[in-house]
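Across the two complexes that follow, chain A remains constant while its partner is chain B and subsequently chain C.
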Partner chain A sequence: MKARFRQSMSWLHTWTGVVFAWMLYFIFVTGSVGYFENEIDRWMKPEIIVSKGLEDSAITNIATRQLRVHGDNASQWYISFPTSRDPFIEISWLEPENAERKTAKQWHESSLDPVTGALIRNRQTSGGEALYRLHYNLHYVPQLVGYILTSITAMLMLIGLVTGLIIHKKIFVEFFTFRAQKGLRSWLDIHNVFSVLPLPFHLMITYSGLLLLMGITMSPVIDLRYGEGQQNHRQFYAQSQIEQKSQQIIEMLPTELSVQSALADAKRRFKSHKVSYVGVIERNTEKEHIEIWFESKSGVEFASLLEYRAIEDKVILETSLGKAGGAASVYDFLEHLHEGLFADIYLRWIYFLSGLFGAAMVATGLMIWLKKRKAVSSTNKTLTSIIERINIAMILGVPIAIASYFVGNRLLPIDFPSRSAWEMHILFITLGLCILYCGFASKKWLWQRMLCCAALVYGLLPILNALTTEHNIWLSWINNDWLMAGFDLTVLFISICFVAAFWVVRCRQEDISVKAAQ
Partner chain B sequence: MKLIVVLFVLLFLAFALLNLSLSRHRVKLSNRAGSFDVGQQGRFRILGYLLLFITVAFATAMWGVSLGLVYWFATATLTSILVVLLWTYKPKFFSFLNRC
Partner chain C sequence: MLMKPLFKPTPAAHVTCRVLLSVIGGYVIANLSAMLISYLPSDNKVDGIVAGMMSSFIIYTLIVIVVFAVKSTTRAIFFIALLVVLLSVLVMYLEKAI
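Entry: the complex of A and B
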């Protein structure tokens, strides 16, 4: 009974893993890159000027002046203060819909020159955000389809993890085991290392990922109680996501209430915390209020919020205390864990690495599946060959495609029409080309050539940056522009890793051919 | 930053000890640099688990329960993978534990 149970679990593990493996790999890689969304954004907007040493009140002055000029009729204003991850001033405003000009309501954002206070004309770019969104919207498909496909993939991944735990007989004894250069045994070992050691991350990320999209996948449940359609669903969200707030009347006259005075008051209350955003919400209405967001220092929360509003002759201060409902708090907690916005640089790197370990787990799983297929003589040779080729194309094509997205950012002319959309097109065209190339080129050199290509394109990025902008590693280093330098050095390091992989594969292949000759 | 280093070193030590406490693994080192006896193996296992508990307590005390556990799991993943890599390619590195 027990043996048969394990066998059936092993079957389930294989097939849940293989069916959506390439998609899972794509999600893992793009999701991991997403942990550096802000850092990538800074690199993709090289025009941004880093702001240092400005007082918060001075920043508010500069920002509100520009917001008055450009977003006077906007319903929402946000000022984002320089932080270690976004070391520049940014303003954004929500332009209401305009019936005359037939424009829908739209967010505008711009970074500011900290010295002159002028708007900076950033190049049009999809930025880090679009790259990060790839891992759940899959870009070209309609949003709903993207969400559902991602959810199915996550579900299969979760089944893969649980069944993997069941069929792994010696999880404790082989906890640290990696026997190198032993063929299939080594692949199984490394697959276990990449799965078992970061298992807390894998379980958390898959489960919370499923949960984040439950509004879509479980929508019939919401239909049952609240009725179908977006309008009805909004009721559910409003009810379930109620925030618990404490209210107090503060010593301030409603006429005195402004962004500056609210900021000063909030800073008096939270002396040791840093302000991250300030917002003016529902401007020019009775419900107008000011939001002050602080970098949070407790638990996995990203930020804490204070709201100031004038009601009749008093100013009321509301402090958020988290979600009122238990389920919503659990949801919030898992969402924060998944997104890792609270993470400092150390945790952020481990988030990124764990994501890549996940990608490596999928890739090694696929390799094992292919090796086992090939060992059986009855398998369809053409089919395995095609799968093997697409496999190489995906494992190395996805990183190459991401690099090409960055290349596009630097090489597309600044006034190129729909530039940001084309950056994304370049990513997918490159991926398509990789698949095409791997489909037809000689299989013997495929790994080597693709690795070579990956090393080249990643190595090219810092050079392109130096040639097309005024940023290069040396200058960024002496100007303490750590994000710029960090990005360049990281891609350089990735390039070196690909070179190392290239050498390893090359030496192996030479060994094999020497042996074959003997 | 200092706290992370302390957590990192302790967890690395914990996994290194647990690794050596597995009899199959022990053989690898005994062939190359001295040997371990059975008593030592037991001591390593107890000390390893003890260190795991201590580090959980340390992390939750320093960062609070939720953030502390995130730090712990993150560092555990990193250090255990480091132990695997060192054990595969530089097993002699662990011979410093021989003298314990």
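Entry: the complex of A and C
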């Protein structure tokens, strides 16, 4: 390619980084936000009542009563106990398909009032889940297209990371160098900080992201070994999911087996573990059994599972011991690292910040590329200008669009038709408007105005929350409703960060115009 | 002495050629090597496939780097072609044998 190896790699690093950069940035930002999926979900369902100090057995009583009323013919029941991330009671049931009413089988879920035990009517919302899913399904495109596009982006990112490592030989020395006020050099130094500091995270998240979708992107391998077609692929997936289990007969009569007795038995066996949810699977069939899931924060494993089932005159307890194969265990480990479900609140913040560092790495990389292009006189000025504008629109438009998604949740009327779909439409309409605005407004003020807009919309969120619901920062603080208070304080902090960025840009621009005047 | 080339490709043609080689050739080689690796553990088919697919992304990255690192485009073409043929033969043999 070029005369020297490192020059070729530098070329490769630049172009693998640039071609899908906006998509990569979008994936990094939405994926990072996804680490707070449950916390965001709680904010987007302000009707939820936080449950405190209720015994698990009391919760089971309230929940089974409601499940009997609403999901008596359901094939699966789940009761979710209050945990630090979801401090409320939730039930869900799988309604079987109904030939008379022509309804397909579907999941229903509802949170419960811990005092009265009644179902809570939550507003219709896409919630945290849709926001988290954005980073691999891209919402509007068909699922398969979304998966392939994200995989291509991740592949380019992996190549960009490896070539980046090659070209920065003295990577750790460079990490401690920061030359302020030096134009391109300063941008390069910042880019290095954002890339090197969370480098293990970047490598892990990119590689494991590719692995999560490998069944689709590398499907020819399964085609060869299992045969083509969905049927054969499903056979592969089923076999790869098989877990090793240990079985034991416990001292309990089959007639005694119920959600309550299984829960009590599990608690006796694992005193230090907290139960996160309980499920009754394949109800009203011979294979009916009870699942107990623990909230596990001690390891990378998401949760450990106990299964109780009655077989003839005995009750059998099954404990899962993880995947059978060596490669499958490595895959599981990386998958859990990617999802970070085991992370406590502190580690979760590190995940979130590392993800944002990734986004910042992409953004600064783009800035360097643009600066270098502008320095060369032969480049096409109009094209560079268009890219520069879209660049500002994406870097600030994506966070603004996410905030507008939250605004939509609070401002759309409660009975608005297909409300949850419209929350998502608002997100993309806002992003489109940002691109449109940046395409036509005066370039000189673009950064400042967009930063101003971002600061405003994030600052607006806690106010909207206080005005449209009974939650506000002060009350949430007093009531120890940390998720509500945490969300409001976080968006407020983000707003302050945008204000700070606004001042920095403003001062710099004044400096430049003063120098130009002299 | 080699024959004099009939036409001299532009630098853009060289770049396009390498991009295509790395994207398509890299994907084919990544898949072929994943298939090859999937035969390694003889007792656990599923685990072999998982291991193969997991390695394929690392192999893909390495192939792309090699394609852009070698001095001449011709050499890159030969490199990819050789690997594709070699791996295909191996995979075909294994498919017949097992």
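Simple rule for what comes next: the second predicted complex is superposed on the first by the 513 of 518 C-alpha atoms of A that agree within 3 Å, B and C clash if a C-alpha of one lies under 4 Å from a C-alpha of the other, contacts with A are read in each partner's own complex, and residues count from 1 in each chain.
The rule is simple: contacts are C-beta pairs under 8 Å (C-beta built on N, C-alpha and C of every residue); 3 or more make two chains touch, one makes a residue touch a chain.
Since we're looking at a predicted model, the values are computed, not measured.
Visitor: Based on the superposed arrangement around chain A, label chain B with chain C as either clash or fit.
Guide: Here the two partners, once superposed via chain A, fit next to each other without clashing.
Visitor: Just checking: does A:350 make contact with chain B only, chain C only, both, or neither of them? Give me first, second, both or neither.
Guide: first
Visitor: Of chain B and chain C, which one contacts the greater number of residues in chain A?
Guide: C
Visitor: Touch check for A:337: first (chain B), second (chain C), both, or neither?
Guide: first
Visitor: Which of the two partners, first being chain B and second being chain C, lies in contact with A:198: first, second, both, or neither?
Guide: first
Visitor: For the superposed arrangement, I'd like the angle with vertex at the C-alpha centre of chain A and ends at chain B and chain C, nearest 10 degrees.
Guide: Vertex chain A, arms to chain B and chain C: 80 degrees.
Visitor: Given the touch rule stated above, what does A:375 touch, chain B (first), chain C (second), both, or neither?
Guide: Neither partner.
Visitor: So if I take every C-alpha atom in chain B and every one in chain C after superposing, what is the smallest distance between them in Å?
Guide: In this superposition, no C-alpha atom of chain B lies closer than 20 Å to one of chain C.
Visitor: Considering each complex separately, which residues of chain A are in contact with chain B in the first and with chain C in the second?
Guide: Common interface on chain A, chain B vs chain C: nothing in common.
Visitor: Using the touch definition from the top, list the residues of chain A that touch chain C in their complex.
Guide: 1, 5, 8-9, 11-12, 155, 158-159, 162-163, 166, 207, 210-211, 214-215, 218, 220-222, 224-225, 236, 239-240, 324-328, 330-331
Visitor: Name, in rising order, each residue of chain A that touches chain B in their complex.
Guide: Contacts found on chain A: 173, 175-180, 193, 197-198, 200-201, 298-300, 333, 337, 342-343, 346-347, 350-351, 353-354, 357.
Visitor: Mind listing the chain B positions that touch chain A in their complex?
Guide: Per the touch definition, chain B meets chain A at residues 4, 15, 18-19, 22, 24-25, 64-67, 70-71, 73-78, 80-81, 83-85, 87-89.
Visitor: Considering only the defined contacts, which chain C positions touch chain A in the complex?
Guide: Residue positions touching the partner: 18, 30-31, 34-35, 38, 41, 44-54, 56-57, 60-61, 64-65, 68-70, 91, 95.
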